[in-house]
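Each of the next two complexes has chain A plus one more chain, namely chain B in the first and chain C in the second.
Our next item is the complex of A and B:
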């Protein structure tokens, strides 16, 4: 390490990890990865590696939490102790409690809870490796896992952050930019409905910069949305191929 | 209140808001009456009570000496905690903090922290060894809606009111001397929450109105007029246009609240 902090953006506008200001990190999305869950998804968003499992609709425990007219949605965001440079205690931190809540609230607008009275679904998010933007990657994967479970949805929810690094508004911050940059704006979005279901911000921005960041994040969301749909299709294409092979082997 | 009456009441609230009216006669973007009192807890280094209609928040600050975090050896420490005290509402229960009180504390914390309101370098006593730690404890004493705005306002009022002990360093020991200094503040963040009821944006919801909100957005703005924290909550959504509109409403309302805070 040199004494001077390395620049987060060079003169040509290239960021520390080689990206342009409005470029996403590489993404890998997989659906149906957990055999025991009713729905599941895995996301690699840059160096973030996150696994989501969905269970339900099923009976709610404890029972008094169930609602006579709708399904209750529970969500747990949890980071593995080895997911960050310094071991994280496995006990839920205040940050994790808050993120569990905002992730749940970003998914709820996509669901029809009145269709499944007296039941509940559990959305379990496990962050296996974190590198900035885990709440967004978690939402993107959780929406896929819910879709995979077969629960009807108004739209997929997709999330992406924008922020400000050295006076430039940039898309999809990684860990160093998140920590050293001057603002971070995570956004979750349902593209077909033009609905923002999560919006947070920390740092300092003028109202115009906030607007610019939200718009940039929504554009990022639209790109990831296409990949989400592709991931769902891929799962069913694979299923089709497998059944075909089985049929052929029977013959 | 039985749930039948509640349902009728909820429909009434929504219908009124469609017409631009509210149960208590306010306009959609009117706050209730606000009263701020400072320095009411003598044993705290700083304190403030905010009455927002019938919502009542008491914030006390304590300043102690402690160790800095290893990655910021020259910075003092500030922490915010919120208690939904069981006497404040029938549905508040004793026990460890639930997600609502944690979210409340973290929204208040973020407004103060991200605006860099507390000049943390001035809280350093001896680099890497001793700093001042400022504890901000938010006590909800009566819940009648809009706890976020009332708590954030009370927290800033309490920080303005906070006195730091005078000290001298002798052979690595901190000796508290007579007299006090003002806690060094750079800016005063104020938070305004805008809620969505039907397709209308409403400010300062009462507890009854909170039962019918689809989503809320809290925006913290510093003295210079920049936005320093945002949090969306609730199980509904906002359109991008509504977010821009909410940001404009927040700017106006923060200016109004600032007049009350600094009178």
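Our next item is the complex of A and C:
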């Protein structure tokens, strides 16, 4: 670390952006922002700004990619050229291909692919602005977009990272901590089913620190989950009188 | 054997609904004896069966359903029809033509061409095969006039209303014929544009406010108010014609 670089955590335990070790960045979630997509969501997680659009289930093109017994899930994670300080080439990079796979696989356990054979869904993740932890924010938003599109789900998937910065385990790393810190542990989680769908680790942690980080990330997930549910309900609660009418049937 | 919801509460996917002696209904699933919601919707419980009325869903074909679709491709012995579902439907030529179909004699695109809209019934569908359509019943076939609108398929029962009360109100108030496709496509045919648009506006209103109470009354009120606004317009339309006649 150069001399110019400020300390990532000061003596009082306050981090570079003013948070405590176990504090999340500010979050804003919005559902149904793209009328042209079947389902969509927008997330602002700290300085991250991510837009997700979902299409399907629909016929898979090219046809040979469809599976006779299940629905296929396609995911594209893409960073806009203006999403980072230095222009990023819009062509898919090695990192984006990996993140597409990681996001897809963390969402898959939440779906019922066997219900809709020979079809596919497309999840398009567009990172408008990146500031560390985009994979987690993407998963959180993608789960919302899928729920918004009306595709049945076991649970909403919510993701959050924890990591180690200057010998302290901290929650929800931002860009500088991610780059200069010593470890990063993204966790995707389905809170109601208590199931982890993604667990990665970048860097070095002792087993005790890893456990602390995972627990911290899962606690963060639970907080975000509450906001996720709220965001999903808000879309339909604009006219907020509770229905008391009996369910009306086709007959 | 508790339940974890109030009637008509909005639930999100993954929310625990009930435990023990309950049956999982629509848009729910069970795991380890517990019932969870699988879509965003309104829960309710009837005869120990927990149902979620989805606020957003797509259409899954069911044999016997009336649907409205558009022809997307003319094939060798039939048409491919988009019915706004995960699967495209097939309509066989022999079903449309009342006589035996011979590829050398009949030009299929003269009967139905790409872009044509049809009202049809799902004849068969299962997991392994795309749905097959039939138009061999009265009221089915090519759509020649009217306007098409699209709503979320789960809202169709709400538009129909209890024992068809809602839809018959709209029909009589606007003098429009309305065909509801269970895939969310709706055909409105009226005598003039204003009436068609009024019918469509009220259907849109039902879709937007489907999860609120007292909707039937509000729609009746809405129709009454809008019709009053319409009357002068209709008169204006008539007057110039009369003047022309005088001249």
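One rule holds in what follows: the second predicted complex is superposed on the first by the 234 of 251 C-alpha atoms of A that agree within 3 Å, B and C clash if a C-alpha of one lies under 4 Å from a C-alpha of the other, contacts with A are read in each partner's own complex, and residues count from 1 in each chain.
In the analysis below, a contact is a pair of C-beta atoms (placed from the backbone, for glycine too) under 8 Å apart; a residue touches a chain by one contact, two chains touch by 3 or more.
These numbers come from a predicted model, not from an experiment.
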Partner chain in contact with A:101 - chain B first, chain C second, else both or neither: first
First, second, both or neither for A:190, with chain B first and chain C second: both
Chain B versus chain C as contact partner of A:232, first or second or both or neither: second
Touching partner for A:109 - first (chain B), second (chain C), both, neither: first
Touched chain A residues, chain B compared with chain C: C
Which superposed partner A:59 touches (first chain B, second chain C, both, neither): second
Chain B versus chain C as contact partner of A:138, first or second or both or neither: neither
Touching partner for A:203 - first (chain B), second (chain C), both, neither: first
Chain B and chain C footprints on chain A, overlapping residues: 190, 193
Contact set on chain C toward chain A in their complex: 8, 10, 12-16, 27, 29, 31, 36, 38-40, 42, 44, 46, 51, 53-58, 60, 86-88, 127-128, 152, 154, 156-158, 160-163, 166, 208-209, 211-215
Residues of chain B that touch chain A when the two form their complex: 97, 99, 102-103, 105-106, 110, 113-115, 215, 217, 222, 225-240, 243-244, 247-248, 251
Chain A - residues contacting chain C, complex: 38-39, 56-59, 68, 110, 112, 116-119, 147-156, 190-193, 228-229, 232-233, 236-237, 239, 241-251
Residue ranges of chain A in contact with chain B within the complex: 94-95, 97-98, 100-102, 104-105, 108-109, 185, 190, 193-207, 210-211, 214-215, 218
